[in-house]
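Both complexes shown next keep subunit A, but they swap its partner, so subunit B is in the first and subunit C is in the second.
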Partner chain A sequence: MLGLPTAYFLLIVAYPLANLVRMGFSRPERGRVFGEGVSLANYVEILTSELYLETLLVTFRIGLLSALCALALGLPLALYIRRAPPVLRSVIVFITIAPILISIVVRAYGWMVLLSNRGVVNSALMNLGMIDRPLRLIFNETGVVIGTAHVLLPFMVLAILGSVQTIDRALEDAAASLGARPWRVVFDVVLPLALPGIAAGTVLVFILAVGSFVTPVLLGGQLVLTLPMAAMQQFNSTFNWAFGSALVGVLLVAVMATTLLFDRVLKRRLARLAAR
Partner chain B sequence: MSLSRTLTRRQTLLAGLASGVMLARPRIASAAPTEFVMGVNGGAAYRNLYNNVLRHFEARHNAKVVPVFGSGSELLNRVLAERSRPTMDCFVTFQGAWLVGKAEGVLEKVDYNKIPHIDDVHDFLKDPDGYAPFVNFGAWGIVYNKDTVRTPPRSFKALWDRAYDRKVMLGGVYHWQIHLAAFAYAWTGDQKNIDVAFDKVKELAPRLAGLYGLSSDTQSKFQQGIADIAPWYSYTAQRVRQLGVPVAFQMPEEGGFLYPSAYHAVKGTQKVELVEKLIGTFYDPELQPGLAREDGFIPSNKKTVLPAAVAAELPTMEEVQRCHHWDWALINRDEGAWLNRWNAEVRRLVRG
Partner chain C sequence: MAADLLVQGVTRRFGEQLAVDRVDLAVGQGEFLGLLGPSGCGKTTLLRMIAGFLVPDSGRIICAGQDITTLPPFARNLGVVFQNYALFPHMTAAENVGYGLKVRGMARAEIVTRVKAALDRVNLAHAADRLPGQLSGGMQQRVALARAMVIEPRILLLDEPLSALDKNLREEMQVELRLLQQRVGITTVFVTHDQEEAMTLSDRIAVMQAGRVMQLGTPEEVYRRPISRFVATFLGTTNLLEGKAARVAGNTVTVALEGGAMVEASAPVPPTPGSPVQLAVRPESILLRSTPEGVPGTVEDVLFQGHRLIALFRTDSGQELRSYMPPSGWRPARGDRAWASWPAAEAGLIQA
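Take a look at the complex of A and B:
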């Protein structure tokens, strides 16, 4: 019984990944796609290049800010959904996840219409006399974070919702009956118990955000370079599969390391809470 | 009831005769069209391609086109990835990807003697090594919004005029390499002088309106007024104009650059003859006016006669003859290094 899932994993996940990693260690001649032999040159070039290290930093910054924005929007929404009557709850959950049904490209163009210099937001602010010239809300990291957080918000809400729905209402009632104000009930009872869901949602959104491509390309206006974009340039623009694979390998290792670190910190925090 | 009781000798003989005829004439037995898997560009480009060429190809050669959508680069990458077991019969490529495909041995040669109308096609569209000739071409020059730009730039060098500050966009994630080679030529007369091109682009970068990506992105930026001028293709300008975007094409005084595309047989396909027939369908002088009108492709067949109104929208043959060819061998060899410089030195100067 163990054999089939293992074979499935090896075929679907491990084999393509191993192929990618292997390709990252090859170094084809200039103008060629495939190369023989094994070389560390691609990784050395990436890890000693100011451009690619900065690109890695930008990618992580966008991932982190997108996760924090999605958390800031998703946590109150999940808490509200939990308390809403059943019918309203279903409606809000549907509205929350409905954007997933729409193409990311369409959503990105929607944001362009809203946020561009002549877009709805800037036009409204200028007509109200609140600003003299348009705010730069798009074709920079701000636009990418807004778009990415919006795209990934449903994942955050669903992750947190799964966690908060299991919290026993009696605990909140007990805290309230002992004199705790509503905000104190949320901060001292609900949030600590929702922490696994919050952590899962944050990690999930972070991972999806650092790997996203379409939203950064469209809302970054080709001006914000992230590691997936840099890898795509190598595959699609210069046909340098080896270097593109190495970039993907670096991103993969960096994301895994960050996730493991986050997991360790979270476990310590949960252990400390349990001890209280 | 046994078989010998239900079939008479006459019936058996007739069935045998029918089987023999069908085996001798397989087309009678298999009237179903031949499936032909094609890698093509999607969206309006495919709709126009199907209406003007593919439906005629299907009807004439009893084929059924199964499209696989992607950009030329994406399709070549797919062919490279599937090189041991190809799933496509042919795919569209531009000139740079075509050279990569040739070097990697994933393209099949075609027999020029079997391509209809090939003798009427411009020589520069034919490949001396026997790979598929180019079927379409346009020019890369200057595209501008004629509602907002009263006096368009007449040359690539004019893009540096202060009058066009915050109006011009250049190619970003894609196309950056052809900008560099074209600007090197415009400023020095030699595409190899790439350092000069970098210096000039860095000078222009802070005054740009932004960078563009694929055709849909460029179209969107013209529509939204994010930029009004871009070095771009004559045929994509025509396609966008058909969709109601008020853009016009200006052939630069230095001469534009020719941008042809070809439909290549994938190495290992059993349908090379269909690829040859497809290429011949593109060259049909009866069909080329449709491609010119809707897609802006300059006729590849010298005998094609365009209606005056359609011809007026396209670059003239005199302008085409003054156009240049990109040095793709140089670009393919050096673009990895150029890309690093573009990302490190140019991109961050553009404010958007």
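Take a look at the complex of A and C:
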């Protein structure tokens, strides 16, 4: 019985990944995108190059800020959805998830309309006299973070919703009967119990943001370089698949390390909750 | 006894459904009132309105002289114990008990002292640092009780607090709960669907059906002298005998049973003479004898249960009766002629 699923896994997941890792340790040869030899040269080059280390830093900064923005927007939304009456709840959930159905490209152009120097946001702020010159909201990291957080918000909301919906309403009643005002109930009871979902959503959005390509390309102009973009250049323009694979490898290891670290820190905090 | 909690004409609908229908209750200082009824009778809805989790559509709730009808729950200072305890899973037993004191802004040292005393009172001092998930059902129950009482609430509200426990533990906790309530002397309202539990614990029972209080009285009154068919059957096995009110003198009614036998019964609200009535008599109150005294009939079967006999009896007018008899004394046998009788105080008069 194990044969078929195992074969499926090897063919679809393991084989391509192994190939990628293999390529990362080779060098390009004349007329070929990667060669037969085994070498650490790609990794040495990446980790000693200021450009690529800067790119790694930018990628992580965008990932982290996008995750935090999505959390700041998604957490209140998830809590609100939880309190909403059933019919309204399904409507709000649908509206929250609906953007997934729209192409990321379309949404990126939508943000351009809103965020550009003569866009809706800057025009409004200038007309209100709050700023003299347009804020630079696009074709920089700010624009990429705004766009990425928006694209990934549904994942955050769904992850948090998954855990807040399992919280027994009687717990909130109990806290209220003991004298806790509504806000106090949220901070003392709901948020601690929603932590697993908050953590899952944050990790998920971070991973997706770090690996995203279309949004950084469109909303970063040509001015923001992230690791996936750098890898893409190696594959498509420079035709140095070996170096591109090594870039992907660095991204993969860095993301895994971050996620595991986050997980460990959080596990310790969640250990108490797990006892329930 | 001064009324500590007054419920006046309280009504609550859920959409079309009338959950609680014009309920009036007065609970005395230190009294233990049981709200008893089948699921969906409105007892929990009523409790939730007293606790402040729901607001009545009409009517008033007055606690210690203050109208609390629309006061939010956090401002009511009532202790609530929930059906599944609703202990905070991320807090230890001690943190759970101390939570109500913490939100009141009490000093840490004072909280520690009070929490310790509260846990001692329910014999859980050794479990203070455990999480609810590491406690047995009975221990969780006691933590919930300690948490509700440590804030020194004006009233204690219990929503089926024992229903999640197994039978032996439940009986043990019933006694413990009653003793604790008596010792502290706190006014308590208790919701249950278990008639035995209600009778064991309550000073008075309000039997509810379809949002209304059908009968309010001491456990003995509602058990021995039910005033409606619902109350009679809900509180246990009963015999219902058809008859007519023949004579009415004050609260004493002489009932002419089908078949002609005349028996006496008392009714809080006397029926008009001549109107059809039913008598509700518990099987343990019916005595079968071989001497012609009472309602004549035939023994149809006798079942031996060790501590008692169950005699199935049919009156000459065709009504079936069930009698629980001690296994000592006269033992009827199948086919015997016998006469059924019961003390007048053991018959509940039900008006159609």
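We take it that the second predicted complex is superposed on the first by the 267 of 276 C-alpha atoms of A that agree within 3 Å, B and C clash if a C-alpha of one lies under 4 Å from a C-alpha of the other, contacts with A are read in each partner's own complex, and residues count from 1 in each chain.
By definition in this document, contacts are C-beta pairs under 8 Å (C-beta built on N, C-alpha and C of every residue); 3 or more make two chains touch, one makes a residue touch a chain.
Quantities reported herein were computed from a predicted structural model and do not represent experimental measurements.
Asks: Determine, for the superposed arrangement built on subunit A, whether subunit B and subunit C clash or fit.
Replies: Fit: subunit B and subunit C sit side by side once superposed on subunit A.
Asks: One more residue to check, A:M112. First (subunit B), second (subunit C), both or neither?
Replies: The first partner, subunit B, only.
Asks: Touching A:P192, do we find subunit B (first), subunit C (second), both, or neither?
Replies: second
Asks: According to the stated criteria, A:D168 is in contact with first (subunit B), second (subunit C), both, or neither; which is it?
Replies: So A:D168 only meets subunit C here.
Asks: Report, please, how wide the angle is at the C-alpha centre of subunit A between subunit B and subunit C, in steps of 10 degrees.
Replies: With subunit A as the vertex, subunit B and subunit C sit 140 degrees apart.
Asks: Of the two partners subunit B and subunit C, indicate the one touching more residues belonging to subunit A.
Replies: After superposition, B is the partner touching more of subunit A.
Asks: Figure out whether A:S177 sits in contact with subunit B (first) or subunit C (second), or with both, or with neither.
Replies: So A:S177 only meets subunit C here.
Asks: For A:V38, is the partner it touches subunit B (first), subunit C (second), both, or none of the two (neither)?
Replies: neither
Asks: In the superposition described above, what is the shortest C-alpha distance between subunit B and subunit C in Å? Please give a whole number.
Replies: Taking the overlay as described at the top, subunit B lies 49 Å from subunit C at its nearest C-alpha.
Asks: Once the two structures are superposed, pull the subunit A residues common to the subunit B and subunit C interfaces.
Replies: On subunit A, no residue contacts both subunit B in one structure and subunit C in the other.
Asks: Over in the complex, which subunit C residues touch subunit A? Could you list them?
Replies: 51-53, 72-80, 82-84, 86-90, 99-100, 103-104, 131-134, 147-148, 151
Asks: Which of the residues in subunit A come into contact with subunit B in the complex?
Replies: 30-34, 49-51, 55, 109, 112-113, 116-118, 136, 138-140, 217-218, 221-223, 225, 229-230, 232-241, 243
Asks: Report the residues of subunit B in contact with subunit A in the complex, numbered from low to high.
Replies: Going by the criterion above, the answer is residues 71, 73-74, 76-77, 80, 97, 100, 103-104, 172-174, 176-177, 210-213, 217, 220, 224-226, 329, 332-336, 339-340, 343-344, 347-348, 350, 352.
Asks: Please give the residue numbers of subunit A that touch subunit C in the complex, ascending.
Replies: Of all residues in subunit A, those touching subunit C are 168, 170-171, 173-182, 184, 188-189, 192-193, 272-273, 275-276.
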